[in-house]
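Think of it as A, B, C, D and E in the order they're written, each chain with its own count starting at 1.
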Amino acid sequence: MDDLGTFLAHAVALEKESGERFDALADSLEVHHNPEVVELFRKMAHFSRLHLREVQDRAVGVVLPHLRPWEFSWPNAEAPETPSVEDTHYRMTAHHALLQALASERQGQAFYAGVAARTVNAQVKALATAFAAEEGEHVALLEATLSRFPPPPANWAEDPDPPNAPD
Amino acid sequence: MDGESMTHPNPQDYRSDVKPVWCPGCGHFAVITSVARALAELGLARENVALISGIGCSSRLPAYSTVYGFHGVHGRALPVATGLKMARQDLTVLVAGGDGDGFSIGGNHFLHACRRNVDLTYIVMDNSVYGMTKGQASPTTEADWDGSKLTPGGPGIAPFQPLEIALSAGASFVARAFSGQPAELTRQICEAICHKGFSFIHVLSPCITYRPEQRAYKDKVHQDWSQPASDRTEAFRTLLEDDGFATGILFRGSEPAAKPVERPRVALSDMETQFVV
Amino acid sequence: MDGESMTHPNPQDYRSDVKPVWCPGCGHFAVITSVARALAELGLARENVALISGIGCSSRLPAYSTVYGFHGVHGRALPVATGLKMARQDLTVLVAGGDGDGFSIGGNHFLHACRRNVDLTYIVMDNSVYGMTKGQASPTTEADWDGSKLTPGGPGIAPFQPLEIALSAGASFVARAFSGQPAELTRQICEAICHKGFSFIHVLSPCITYRPEQRAYKDKVHQDWSQPASDRTEAFRTLLEDDGFATGILFRGSEPAAKPVERPRVALSDMETQFVV
Amino acid sequence: MTAGRILMDAAAEAGLYGLMTRSLGPQIRGGESAALVRLGTRPVDGLDDICDLLVAVDWGNIERFAAEIPLAPSSLVVADPAQGPVPEVIAASGARVVMVPFRDLAAAIPDGRVNMVALGLVASLIGLPDATVPSVLSKTLKRKGEAALTAGLQAVTVGEEAVATIDDTPTLDLSQAPTGREKWSISGNDATAFGVLRGGVRFVAAYPITPATEILEWLAVALPKVGGCLVQAEDELASINMILGASFGGVPSMTATSGPGLALMTEALGLGVAAEVPIVVCNVMRGGPSTGIPTKSEQADLNMAVYGLHGDAPHIVTAATSIADCLFTAQWSVYLAEAMQVPVIMLTDQAMGQARAVIDRPADVAFVGRRETVSAQGAMAYQRYAVTASGVSPMAIPGTPECAYTADGLEHSPRGTPSTQAAHHQEQLDKRLRKITGFDYGAHWAVIDGAGEGDTAIITWGSLTGAAMDAAHRLRADGIAVRVISVRLLSPLRPEVVAEALAGVSRVLVVEQSHGMQFSRLLRAHLDLPGSVRVCARPGPVPIRPHEIVAAVTAWDKGE
Amino acid sequence: MTAGRILMDAAAEAGLYGLMTRSLGPQIRGGESAALVRLGTRPVDGLDDICDLLVAVDWGNIERFAAEIPLAPSSLVVADPAQGPVPEVIAASGARVVMVPFRDLAAAIPDGRVNMVALGLVASLIGLPDATVPSVLSKTLKRKGEAALTAGLQAVTVGEEAVATIDDTPTLDLSQAPTGREKWSISGNDATAFGVLRGGVRFVAAYPITPATEILEWLAVALPKVGGCLVQAEDELASINMILGASFGGVPSMTATSGPGLALMTEALGLGVAAEVPIVVCNVMRGGPSTGIPTKSEQADLNMAVYGLHGDAPHIVTAATSIADCLFTAQWSVYLAEAMQVPVIMLTDQAMGQARAVIDRPADVAFVGRRETVSAQGAMAYQRYAVTASGVSPMAIPGTPECAYTADGLEHSPRGTPSTQAAHHQEQLDKRLRKITGFDYGAHWAVIDGAGEGDTAIITWGSLTGAAMDAAHRLRADGIAVRVISVRLLSPLRPEVVAEALAGVSRVLVVEQSHGMQFSRLLRAHLDLPGSVRVCARPGPVPIRPHEIVAAVTAWDKGE
């Protein structure tokens, strides 16, 4: 990724999609009465939006190309910091939520580190390195938090009530 | 590269404030996201898009979007959409639903919508189960899946092949996507909307409640169909080798889409003459 | 050759005294004749055979036969037959109808009957028109046939491909015949009845009233499929080259037919225990 | 059949009114058939008691419809001696029989047709002016070429000449025929089709079914000329859902079907009720139950039309009262559907749908479907299912910015969001009922003859209206004052309005063509009919004739 | 939910009767839910007026079903302080509120669950014997392993102990509880399923739909054990036609569905009527119209069940009067269908279908479906649709030599040959009506309480029967004699029999759960109810409670 605009477009999308996804997951868990996880996801969404603003600030004056959703050079199916939908569960606990958040931050960090390692554009390299470092801080923070939320018992997902058929 | 992004609406503009009732983790979440992204990408005005569905978890999509929606009855989304598009050629009409809605009770409309080639985009969220009614076997369920009390020991029937049927029935755009790959899904939706004629996108969309084993889909899918065939026979040949997990656009034909016939206008009063003795 | 014919009932025994309302010259006459010959050939007792149909000229078949018949409602012959066969495995169950009955209103049941593979023999008398309701376009009608006021200028839709759909949907026996070749048709019916599973015979059966040009079918058909494929993919390949007039048995699979599950018997009174507190 | 049509058109040229219905055998082509023609100097809305003249070119399967051709000693039967003796079912009536060798007469003319000979004979027998038949014939046979026309004209002349051999013939008094009025020759199905077009329908989806197909065929040709279109659907489930889709798109839409098809539409009709999408479904009734008797008439789909939806699903049911009225009722039905955003089932039947009448040109009426809509609003403020005083909530048509909503068959809040709350359910149920019970239907709810007259009322509907009117006419001539109420708005029935129309009545005769007395039970369920009530009900296919109604009233009058 | 079930089973061990219904949010899993349990020393067939005890482990979306949980100042609300203040909808009732920290209590136990704490609390509060809950719990949690059981038992104990903090608790007088009777714990849907099996059903085809699916799931497992089978069909059009086919083959057959599915079945139901093929369709009603409120109860499919077929199509409509009665009515419905060779629609509703009751073991009844059949006859002599005095024509089952015929939905002659003749139509219509109006239904047409008592009758049906019976009980206690008639045979309604049951009555109160007063209109259409009539009707989802019926009668009594 050797073009500054392209890089920043990626950074913007990465934070934006992350925030939107955390919000969507929070909504979903709100519907399922899991306030603990909702709070956590909302917080993550908030942080993503803060970071988005930071990235946008850095992008002032740079013309960002419009990339179509499938034109981004993500290493995986989605933007790296986007927590995956399928890892959520209505009975998930803060422990799971933190793991999910951690995974997303780690991917973000890896993405930026990868860009920094490969780019030939010095400006991009500098920015990517900085972003990777920032993500590293988040990772550390989340790891610390996670230690306060030990894994729940193995049967955490078990629900004695049957599913509902709302038709 | 020239500030073009300015003209693109925000995908969130296509999402309503109604919160999905879906189980956290359901594949359908990625579909509504991809639809919103595709609409934003194409810059379609919300009021000029209609999203039609039947009944099922998947069929709840319209309420979660800010375009015009019609949440009809089980299995009848395609006829509603056909009527709408034939009467209102100016609208972009999308249809969404599940494997039960589309291939079981709605199977006949699927066949005939493929043939009729009205310019619709049909997205089926296939989880090989009836999610909404507590997990019965659907047409695409494996013969030996014994997760439902309604079919103890499994349905015992060979699964329905959506892409083969769509091709045989004459669909002019046939694709497969996976909800875990939203970018590719978004691309397919964009292409399908731009395609003039009936477009069918088969989306593997796991039901984590009744088919938790479908979480493994992500390890099974492989993006194989990089270039759509323009020849139906060729597409068929590709399909004969399919394992059910290849994604991409399989076929894009060029038959003209069905449209109302234009005739010179006549005043109603002039039509009376045929009755006069 | 060894007096065997003595044991064969007379085909006429399978014909009732009700006179067909069909137009003289209608292709359907040959079908009832062929059915009677096939039943005689197989020596099936009349009371152990049931002939199920929907509504249409072609669907009038049961009354013209002396086996048990069920002349149901439009498009629903296959489910009636499925229920009958699943409840009464001892009977030989045939289903007969038209292209409108089977592929238009009955299209969904066709799809699912092919998949379900219940041991039925389904004979569709295809004349590419709704004979009984005065000649409207059917799913198999050519896009440009403008013989109906309901579709001025022609239906404008690619015709439905019965054999392709049947194969895609999983039918385990697929054949095509022409009413003008009753011997071949009789042979196919015999083979279909003997085949254990869902058998589909597509019969080109001209409607001389609304499609008089179909008299030319006799010059178009060619008996090409001399050996049934046992591999579905191979059958598909054959079909990709089909001009719609090849006759013969295209495919014969070997999937086991659907049957009710046998379980050790339990007395009703023993079932009560599950409710006792 | 063609001969019957030519005869009626010729009579129309002579200033007469007419009605022609047909009775057919089960064969697709070349089967036995009878054309029943009634001509008159006043508009003719139903068949008369007795067939004055029966011309039989052959007797094939006559027992299949003898019951539909009532004869009396006063009737004249003209038959061909070559067809054998007059069958017992006919002879038993005591009708006078005259022999005319149609076949031989026709055979003597190159390319001569038996039915043309019979046409000439009938026209001359009843005294149509000489020029009328040839004039219609030349229009009809024009595209068949000169030779066909010559043969036809010759055959007609031969028929006319044969009349000389018959005396004491049933002749019409043509001097009573009105002149100078524009007349239409139209079938009920064509009238329905033209009516919905006038009402504003621009989209139709349908699946063919006897006896409704002609409505669709007419519209398939007409719609593209006014910028609309018709889609032939794969089945009725598709057709009804297609019109829901089109109407959701803002385009007034309809379909036509008959009993079995309507049965397949009820789920989606309920969706139309719940999602408040206006549509019109014209159901041309045939004999039931099940496949029943597709080619014959009956009024037995009333129950299904009124009550056939699941849940509490208030909708409108209308019925045309005559062939001419098919046009009015169809147009009005579109108007009602659009004004109230509700499905309307319009009932006609085989007897009026496939019959053809010569009528006065119907008056132009102003009813055009117009829906209350919204234009762009403040973001998110739009409530599709707002609870309004009238019950009608302005509808946003796709394309209107800031008003996008999701039409839903699930119970919903005013905004349209799914809801299971009792309060939402109650208020939406109230609203959907209120909009149709509170609507001002004006005087169109019924066709009333003899309003306020006498103490006896005949209540009927649909194609029996003509017979009821004829009966009332005769009863009045006999000094018995009666009023006839033919109900055009079958649901909702409004008790106050009916009570008003029945003020002063102490005897009500309900006349209907169903075995289950469906109409009478519908009235009972919703109204208190005044005084004593009798029901004159018979299933199809034989319609109730005027004299039966006269007899029912007279018997009652005599205290029987 | 599970806690509710355990509570009821524990109460059953203590000799009590019980009823549990559920109210759920729209989420598939993990949504808000309420279990409404009523326990009693007499059989419990409906909910009571007021909820004595509400235990709220959280308040999530309480407004969604607050209307379904009536509270009064006499009620006790136990809530968790950690869940925030008591919501206004609850507080407004004036109920006494007590706080118990469920979540904290549960958290203190390894693997402790909130609902088990609540269960212990409730069991102790109402005074269930100590051993009952642990006993049921150990059965329920057996397959979950020792640890789960220990955790459960511990949580229950903690809950029991918490009761000490509450005074003046609602306790049951267990001394009144009958002992030594065999009790069943069964849902209405299971009872229906077992009933049809007992009636002889051996083939089922169906398409899943809420709230009917459990009937099918039970049968899918049970049928193969008695030599039958269930086919999951592609849609309801298929399922109903499949059972017609199986029944044509001589095997008693049924399907189960709910409103939208029944709507899709009406065409084929008409075929069953015309071709005289016995089938049973159990329709478990939910809120309508259209998709409506799938998880909630309503009695609004009555119209469609009775009138929803096209043409004159007489058939049977039955309704279960309680959870226990689902078994009887289902068995009887199969019997009626087979005896009369006619489709029977059996109505139950979500409130009884998905509710579970503790009942006395139902009495064995003798009704088993048995069809009048023929064995080999003289060639060609067999008349499938022979016109008989009873209207029932012996049926040939495929496999019977010399009797082959074609079952037909077209109108036919006695032999079964299609016919359009008026005489054939009339005689077949007569016969098809006669067989169901002339049948001897015995006393089973209704469940009557207080036969002959007083001058006030409450007429009701279905799941409101319990409330009506409760109301009658209280009214009698107050000196007002009333009788309750809960109609089990909704169609055909037989005027003489109803008149007999109403002899001496001058006031009739019709009680039903529909917005359109469908039941009351049905009665009006077919009967003359004696004296004055009032209707107490309300749509779903909130059921009518006993006190509302009491109030309606008392007000009338006071001349209001």
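Following the convention adopted for this analysis, contacts are C-beta pairs under 8 Å (C-beta built on N, C-alpha and C of every residue); 3 or more make two chains touch, one makes a residue touch a chain.
Since this is a predicted model, take the numbers as computed values, not measurements.
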Using the contact definition stated above, find the chains touching both subunit D and subunit E.
B, C
Return the chains shared as contacts by subunit A and subunit C, ordered by label.
B, E
Among the chains, which has its CA centre at the largest distance from subunit E's?
A
Measuring between mean CA coordinates, which chain is farthest from subunit D?
A
Would you say A-B or A-E is joined by more C-beta pairs in contact?
A-B
Between subunit C and subunit D, the Cα-mean centres are separated in Å by 38
Length of the line joining the C-alpha centres of subunit C and subunit E, rounded to whole Å:
42
Taking the mean of the CA coordinates per chain, how far is subunit A from subunit D in Å?
67
Check: subunit C positions touching at least 2 other chains come out as 71, 73, 104-105, 107-108, 111-112, 139, 152, 261
Which residues does subunit A have that touch at least 2 chains other than itself?
31-32, 90, 162-167
Which parts of subunit D, given as residue numbers and ranges, touch two or more other chains?
26, 224, 234-235, 237, 260, 267, 270-271, 275, 290-291, 408-410, 418
Here the pairs of chains that touch are A-B, A-E, B-C, B-D, B-E, C-D, C-E, D-E
In the complex of these two chains, what residues of subunit B are touching subunit C?
104-108, 111-112, 115-117, 139, 152-153, 156-161, 164-165, 167-170, 233, 236, 240, 255, 258, 261
Which residues of subunit B touch subunit D in the complex?
17-18, 45-48, 50, 52, 62-63, 66-73, 75-76, 78-88, 90-91, 108-109, 111-112, 260-266, 268, 271-272, 275-277
Using the touch definition from the top, list the residues of subunit A that touch subunit B in their complex.
5, 9, 20, 24-25, 27-32, 63-66, 68-70, 72, 74, 77-78, 84-90, 92, 162-167
Using the touch definition up top, name the residues of subunit A that touch subunit E in the complex.
31-34, 90-91, 153, 155, 158-167
Under the definition above, what is the set of subunit E residues touching subunit B in their complex?
26-31, 206-210, 213, 216-217, 220-221, 224, 230, 232, 234-236, 260, 290-291
